[in-house]
Amino acid sequence: MTLALILLSVLILGSAAVAIALRNLIHSALLFVGCWAGIAAFYLWAGAEFVAFAQVLIYVGAVSMVVLFAVLLTRQGNELEPVKDDSFNRFIRALIAGGSVAGVLLGAILGTPMDVNTASPAPTMTVRELGARLMGPHAAALLIVGVLLTVALLGAVVLAAVDRSDQPEDAP
Amino acid sequence: MSQLQLCLVLSSFLFCIGLIGAMARSNTILVLLGVELMLNAANINFIAFWRYGPDHAAGTGILFVLFSIAIAASEAAVGLALVIAVYRHQKNIRLQEANRLKG
Amino acid sequence: MITAAPAPFGQSSGPTVRRVNDPLHGDLLEVSMGPQHPSTHGVFRMDVTLDGEVIVKLKPVFGYLHRNHEKIAENTSYLSSMPYTDRLDYLCSMSTNWAYAMAVEKLSGQAVPDRAQYLRVILAELTRIVNHACLVGFLFNDLGTSFTPLLYAFREREKIIDLFEALSGSRMMCNYQRFGGCRVDPTPEWLAAASKLVDNFPRFLDEYETMLTGNEILLARTQGVGRLDPKHAVNAGITGPVLRACGVNYDLRKVDAYGFYPRFDFRVPLGEHGDTYDRYMMRILEMRESVKILQQAFKVLPAGPIMDPKAKLRGFRPKPGETYGRLEGPKGELGFYLLSDGTPNPYRYRVRPPSLINLTLLEEMCLGHTVADAVVILGSIDIVLGEVDR
Amino acid sequence: MLGSGIIKGLAVTAKNFVGSYFVPERMVTEQYPEDRPKLPENYRSFPLLVSETAEDPMGTLRCVACQICEKECPPQCIYIEKSKDKKPDATGKMQLYPVVFAIDTSVCMSCGLCAELCPFDSIKMDQVFEVAATNRFAGLLLNREQLAKSNAYYHSIRPVEAAEVDARLAADRQAAEAKAKAAAAAKAAAAAAKAAAPAAQPAPAPVAEAPKPPSPAA
Amino acid sequence: MSASTDSFLERAPIEARDWLVQLLPAPLQWFTHHLITIGAILAVFGLFFAFTTVAERKLLGRLQNRLGPNRSGLPKFSALPWHLKHKLFGLTQPFADAVKALTKEDIVPAAADKLLHFLAPVLVVAFSLLTFAVLPFGRNMVPVDLDAGLLYFFAAGSATELTIFMAGWASRNKYSLLAAMRALAQVISYELPLLLSVVPVVLVAGTLSTNEIVTAQGGWSFGILPHWNIFTPWGFIGFLLFLVAALAECNRSPFDLPEAESELIAGHLTEYSGFKYALFFMAEYFGLTALSGLGVTLFLGGWQAPCDFLPFIPSYVWFMGKLVMMIVFFIWVRGTLLRLRIDQLTRLAWQFIVPLALINLGNAAFWALTASWAGPLQLVRLGVSLALVVGPFILLGRRLNIGRGPRTYRYATS
């Protein structure tokens, strides 16, 4: 089990790191897809089946499409991103920031004694239970998320829509 | 190191990679993706704590992740719509140059 | 003679077009469609500039099939050009032959016997059916059907083509008309078979229309797509079904009343919107009218010679002069300009190919539409590259 | 209602699908190597040279090397060399014959003008359409021997036309014999010799403008 | 019906597998169990793919009054007396095609992104095969009976368009790029309608497990009318919407925009040849089969027999029969319809299918809530449900087609 976790970690962290470093945006987007798929695999490993499928459905199926669409629409796919003068400085600064955050987090994680419930096999949660909880105690949150998603969708459409008033009515 | 700690280390590294990406890259899409990674790192934590936490049946971790995924999806949609809008105005999507409120 | 009907669809004439270098819109993608492209109907190229999928610029490029037809014709005898005219519009050689024969007959003042005149009308109308059936089939292929309408249309075309083969010896390169008549006299069996075929043809058309004319996808894909303004069309010299689809009443069969067409009762369908759907329906309606003409012609076809006895095949030297002979080909006005200096070869020989001239407004029709529409609009114009490039 | 047009279309294709099993007329494709197309008599592919007999094709070619076809051929794919000597032709007249008669079938466009214009009914259009060769130069350039086909073969591919041609030739032959007799008589009667012998030629084809036979009375 | 009362044929495949598995030592059993399942799926659906291609070509041929492929038969040296005449009806065509695809040169454009160009066909087959894992092919014959099976299906299926994008982008061909864009736009537009058309079934069955959805459709009224979802008003319209969305999901005509051959040559496949092309082809048919299988599962009662005196025929035969029917329908549609344009495609999704699916969701909820109504109320229930189906369909359809319709033409007077 631990071995699987380590392998998954390598997959996730490796693809994420390479994706961040690559200059070809399409490649990084596809690597991000790999990273998300790895995270979904981690959820499966942890026994959260439903979340894993939701992760794949939403990240691999939808977010990645939107990202690729945005990359293509902004025509970044065919040429490499130009390296600007200030990017090295920013990279150093980011590295310092990231490193220090990592250090603090690692220290906290390793320094904290944890009361671990190592129930083996992994616990399961059926869809029915999940649904009951979502519609029961968390109904308000579900509703808000629904409204949020709708608003976000409409907002995205409004933001991205071209002002087509100069287009003929029969063209589309 | 216990499995929980491994998971937490994974998540913190992922978070840092996302942070570095968001800070170091100038391409708005990559910055957005870095933020997404940070969100994912948080999700990993939720699942890990649900897996090794005391109360599986409550499923709070799973529920939280579901909400978080929904929010991440809407963030991606709005963010990328913004990217496209910015691109339409200034012909590139370098974050540092998007410093005007008026197109 | 040419009068543009009042624009029936308000002020808007064609789609408004965005400027190509508009800084507010995304980068443009240039795609060279053709000459190796499945739906350019031959070796034809469209240099398309796309904004997303919307065409902002389109440049037709042709000449890949140039065969020097006109210059060759000036260096061979009048008769030897006849087989070459088959290769102009290789889908309708019978009417191309007739147009050339008509020009030469005008030049030399030859008479054509009655039977030959009727035969010419019969063959020209059969050719119109062949051409329109082909066009409609290809149009649907451009629209994305998996060959089904095309093969249904080809089934009918095949029957007519078989008749041509039985009559002239070749399916497409008929080489049938001669100066002063026709080459082969059809047998009674041939006439009976042709008459039967023509009587059965409306059944095919009905089936075809049931299958497709009311199809919602077809309506969505063609109505309002590739509109052509009648004034524009007249100015550009567009002829044939493409012009009539814009509502301009111009059919040489009525205008010139050449051949024996005045003896037949037929109508000229007119479109209203000038869009792709109208162009498609023009073809369907014209096929129905052609069937009417053919049915009349088979009834009244007289017996008699098919060749002017004074006609000469070899050593044909028309007196010096110039002439322009034209007829309503399936694709539009097909004309031959001939200048004779009294030698066996024409001094100047020029073809007015309807396909080429109808193609001139391709960009106007396509701007503002998508790639998918450009393919369909090109299909609805009905070009044959043999004729465009000559 | 939305979809009615689509359903109608589906019904038509379904009808065609069922019909393809029960109505043979619907099927227009031919299973080519097994089912050969039935060629109409007028079908033309490439030219052939008619010879009177199959046994001696070169000796009995109808062609007199007049070179009309060579001149009129639109893509100019015919090449003829005349002979120096003369041989009796179908009507028994002494005529030139082609020493070389070659047709480049890769250039030929099967228009049939040569057959139409030939005043001697010697070049006709064949009906062979499986003309493939492994050598695009020698394989498609047909010479006199390859082009020559017997009259019997000509009858087999175009019975009606060949019968007409035979009848016409027979009539010509009779006329020529009669003319020859008359000419001989005239020759005997008229002592004044002319430089050229009266070379009687066959009667003109009905449509073609052929050289008129010189009047024997001249 | 318990397993022991099933007919022998029904039990045979499962018992054969179990017998094979128990031969092995315990640690290997779990592994072998799944290996056999995977092997069986690959073999059955590999062959199914092969014969779908030939069936498609033959059916299309018949629709077009042709014979379709009928040449390839047994090798020349075959001693069978009837092979000359029948040539096996061309049934060996797919094997000839496979040999051809394998022996063709694999051309990779010089400017292509080599890695992605190679990965795309590999991944597309992998992803399209993943979806088979949760389809119940017969009673007790679902490879992995997941609690969230339906979600898994869509999750696995959603990745295929990504590979189309990879193929289109990696080819460095403008047609391919356009195809990639189209594929993305199409999947973004049609993922939602597909999900929405399925949700009513989940709502009524109360489960995401494909196996339980099929079980919920068991039973018959009067012995001949099965309780399949398609025989309810909401199920019927849901099935129609599912069909449309499925056609769009697997890029079949009339939604074959990414590979529109008259516009984009072959779309994302333009720069593929040989076996890579065959892999795409294979994936396309696997996707079609999987979605058809899902349609059968959700709306056509899965492996349930249509009448109560027919269950002696094994359940997997019913499933396959229905699957074949679905695929024949898809082929029939392909033989008839024309292609939509990309903006019409998205408009159809957002202005017609999504609203209709949402209304249908309410309809299904109504149906589920009124399950206890009896007697004349049953008729009221049916009537309300039908009205909820027909009304929106006509209204939305009219709106979609506004300003368009058959025209009448005038004739010149002179």
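Going in written order, the chains are labelled A, B, C, D and E, and every chain counts its residues from 1.
We adopt the following convention: a contact is a pair of C-beta atoms (placed from the backbone, for glycine too) under 8 Å apart; a residue touches a chain by one contact, two chains touch by 3 or more.
Source: prediction; values computed, not measured.
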Number of steps on the shortest touching-chain route linking subunit A and subunit D: 2
Taking each chain's C-alpha mean as its centre, the one farthest from subunit E: D
Of D-E and A-E, pair with higher C-beta contact tally: A-E
Nearest-to-centre chain - CA centroid comparison: E
Furthest chain, CA centroid comparison against subunit A: D
Where subunit C and subunit D are represented by their mean Cα positions, the distance between them in whole Å: 33
Length of the line joining the C-alpha centres of subunit B and subunit C, rounded to whole Å: 62
Chain centre separation (subunit C, subunit E; CA means) in Å: 43
Computed distance of Cα centres, subunit B from subunit A, in Å: 5
Of all residues in subunit A, the ones touching two or more other chains: 50, 54, 62, 66, 69, 73-74, 162
Residues within subunit B bordering two or more other chains: 87-88
Multi-partner residues of subunit C (at least 2 other chains): 25-26, 148, 152, 155, 211-219, 224
Subunit D - residues contacting subunit E, complex: 1-3, 6, 9-10, 12-14, 16-17, 19-21, 26-29, 31
Footprint of subunit C on subunit E - complex, ascending: 60, 63-66, 174-175, 177-178, 181-182, 253-254, 256-257, 260-265, 334-344, 401, 403-407, 409-412, 414
Subunit C residues touching subunit D - in the complex, by the definition given at the top: 76-77, 79-84, 86-87, 148, 152, 154-155, 158-159, 162, 165-170, 173, 175, 183-184, 207, 210-219, 307, 311-315
In the complex, subunit D residues that touch subunit C: 2-6, 8-9, 11-13, 16, 26, 28, 40-44, 68, 72-74, 109-113, 116-117, 125, 207-209
Complex interface listing, subunit A residues touching subunit E: 26-27, 30, 33, 40, 49-50, 53-54, 56-57, 60-62, 64-66, 68-69, 72, 77, 124, 126-128, 172
